[in-house]
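Order of writing sets the labels: A, B, C, D, E and F. Residues in every chain begin at 1.
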């Protein structure tokens, strides 16, 4: 891990979450492009993210989300390399709940990276932001993605049928929920 | 029913849905005020709606929603009197789905008004807007509200725990879903 | 007339006015295109309305007008087919007056459609909106258009010379006015 | 007349038109206040202009008008004292026409100031802005105001009945028009 | 000098400063284009000003600056021909100071035009705007530009190293300052 | 130092810089209030920062700065307590330079905190942001503040006279500059 100063949420010596800034657009665009077929299996936004300019537009809108106190989007960095992304969907301060969304490039699968990243944003949500509820939504057939909330102790609360359009078909989405009182570090 | 020209979705000789405009703010504010204790049992926005100015602000933002092609909010009018409200939450054109929300003042309960209004917006969503999925969210203990989607053939798809803050406690929300292919007029 | 729910001002069994929404852009663009030479005789906006995207831009700005409580624009629908357009120019709430503008495709001329549509928006202006004065402006040589306000009892109040640029020449505009106290249904 | 540099349209040694800037708000507010009863006879905006902050808001919006290339508002300065105001209503570049509006405090009446100021903005409209038509609208009974366009060679083109709300009644407005080809310096 | 009415700060019979308006864009673009190589020696914005549309964009943003009470940009006109530009950078009302920036086309050098224009904006800043301090920043090696503040009695207050990127290298910028109490007309 | 996840630039085990978010407003407001007389000696913004709402407004605007890629503002946290603030003034990407501004509450003086914080943002500017020049501006008589850039190897490049209004008088500002090529970790 470098010693240079970085704006980040540090997870361990190898891993950190960095809020996306415009200068990351190139790396984001390249990582998405290298994993296009892989990510496209379950993520509906991949076809809309083709150029560095697309990544910049996404980053700008996610910085606006942060500036408006509605959550933030980060890159997952492993040993100074971008490995994927994780962030909060629009924060609901009234109901004190938030949904976490994430993706990981194929080469970084199998290291427990996403479980660590997700746990970090859960702790951050409950302790730093004082929220009461965290949600994760996964396509019902996306086994790998569903494994994350199960491993972290979420409860499956429902399956919304035809809830997301995935390029050529509707998929059912499983809603997982975790409450602050259920979490023990 | 008057013969004067009105911008509305006509349901039957007695009932219509009118997009809220600023000149309705007085009637909306009065109806909410008269039903404050009744509505406050299950609706989280009642305490934020105290003055005619509050109603105007709500109407202005709902007209913006309409202008941005994200759905609309209407008053339910029965024999030229405002009886309640029904509308689409922010339309999701990508996934072709929408949530319907509604409320009815106490005096108009028991006439089947809300079932009619809700059926109208369901047909409108499937035929006029070409959507694939309609959702209704109700607090689990709000028997009267849950009865509407049940009566209209919705499927209960899940119960999200602690999902809404209701003044002094969290309540569980039931998600009901109805798909275009399940609807038969 | 279909029985499906529609957001409209109903005129009679065959005719209604529907606030333009984005999904009407295709039909608007086609109707304008089919009547281009015909409409261009007297309407200055025809050359700026060439593509579906142009129609969408017009519709978006007219929905903003509605959202800001400054009047609205509608399509005239005859037996489920778009026949033309009519609407209020920017409403003047201080002086309680408004100008009505309209156009009709060639194929729908001669049915009294525009007189009906115009009468409807006049009644709506006086009764629903509580206005005191309605204006119609027509190019002095546009006989067909001038016939509408004359038939509906408007007073000719002036002729503004060189008041509108019509592609290659200035035309004189006749101002017709009608006051609430002069109207008897 | 001072020799200090000023941003203005100079009329003669005693008289100039200065685009309003925020630092003029105090003088504008005072002049309106001293002439409140006098101006209120024919100007509908006087009751909305009570404080220096009101004048600032007017000045800010008139600077926005200038920045958007839609005309401008000026103070009429006579021997370094503010005497009244004159400006262009929203410029119509398509039809190449504009309306001129003006007011003068009572103490400066009778010097021909307004005729000079008005003539200046007419020349400016025809020569500098390249417009084709200038309009002046006056309440029909406002003899003094109607005298200006008559003296400057305008044609009376119509009388719009009940066209302006003046605190407690509607007044008829006379429309005067002058075309570029009619003007001879 | 023409006698036609113009919105300007008059300097002498031959020279005036006119706030840029959109209709000047053509002349600005042509003058910059004719002097491209000459101006590019010391001005960093020349490569970004290539088309009439670029000039319009600059003019629009400078009119916004004026509308927000943050200073203005003018063209220097000599015998009805555009010769260069001069204006205030964003005005600092709290510290009551402003920076003046300027450029002159090659053909108009040597007439003392810029010294006159600069003196005019200095007087305007101290007397009309009531400022306390005026700054001029010049690249250290730009002898001709540095001569202006020296001639007008400014004090050299510092040299900021590598302070401006000039296409292919950093240049040092000299800061010249002049205080209201040092100025004697 | 806690182990909880935090979005920050970590300096050492005791010290970190955290981008201000709305939930810090209370702590910022309190710290400013406790140090009001102390900070007011040299900082011009203290009188405008009186309430928690003032701090929120500052935080919102600084998050906008961050979202627009123009730099950011952070709180200096020492052992989980807010000690002061440091940040970048509006970043100049064209000239690749930035000014750093800072303040420290009285109780935290003398620990070398500000030198560390400042060094961190300098490294961040040169390595992470790739800038070429960092500036620090201090009132000439503010000995303590001037000591920071001197200690960190900045060059004094000029003294701008009367350059800042400090409640009741103008103060001279020293400009210190440091170039990327002069920095050696």
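Here is the rule we use: a residue touches a chain if its C-beta (ideal position, glycine included) is under 8 Å from a C-beta of that chain, and two chains touch if they have at least 3 such contacts.
All of these numbers come straight from a predicted model, not from anything done at the bench.
Participant: Which chains does chain A share as contact partners with chain C?
Facilitator: B
Participant: Counting one step per pair of touching chains, how few steps separate chain B from chain D?
Facilitator: Graph distance in the chain contact network comes out at 2.
Participant: Taking all residue numbers used at the chain C/chain D interface, answer same if over half belong to both copies and different if under half do.
Facilitator: Comparing the two copies, chain C and chain D contact each other through largely the same residue numbers, since over half are shared.
Participant: Rounded to a whole Å, what is the gap between the Cα centroids of chain A and chain F?
Facilitator: Centre separation, chain A to chain F: 32 Å.
Participant: Centre to centre, by mean C-alpha position, how many angstrom separate chain C and chain F?
Facilitator: 60
Participant: If every chain is a node and every touching pair an edge, decide which shape results: line, ring, star, complete or other.
Facilitator: Topology of the interface graph: a ring, with each chain touching two neighbours.
Participant: Hey, which residues of chain B end up touching chain C in the complex?
Facilitator: 4-11, 19, 21-23, 60, 63-64, 66-69, 72, 120-121, 123-124, 127-129
Participant: Which stretch or stretches of chain C touch chain D in the complex?
Facilitator: Within the complex, chain C touches chain D at residues 44, 94-97, 132-133, 135, 155, 157-165, 170, 175, 177, 179.
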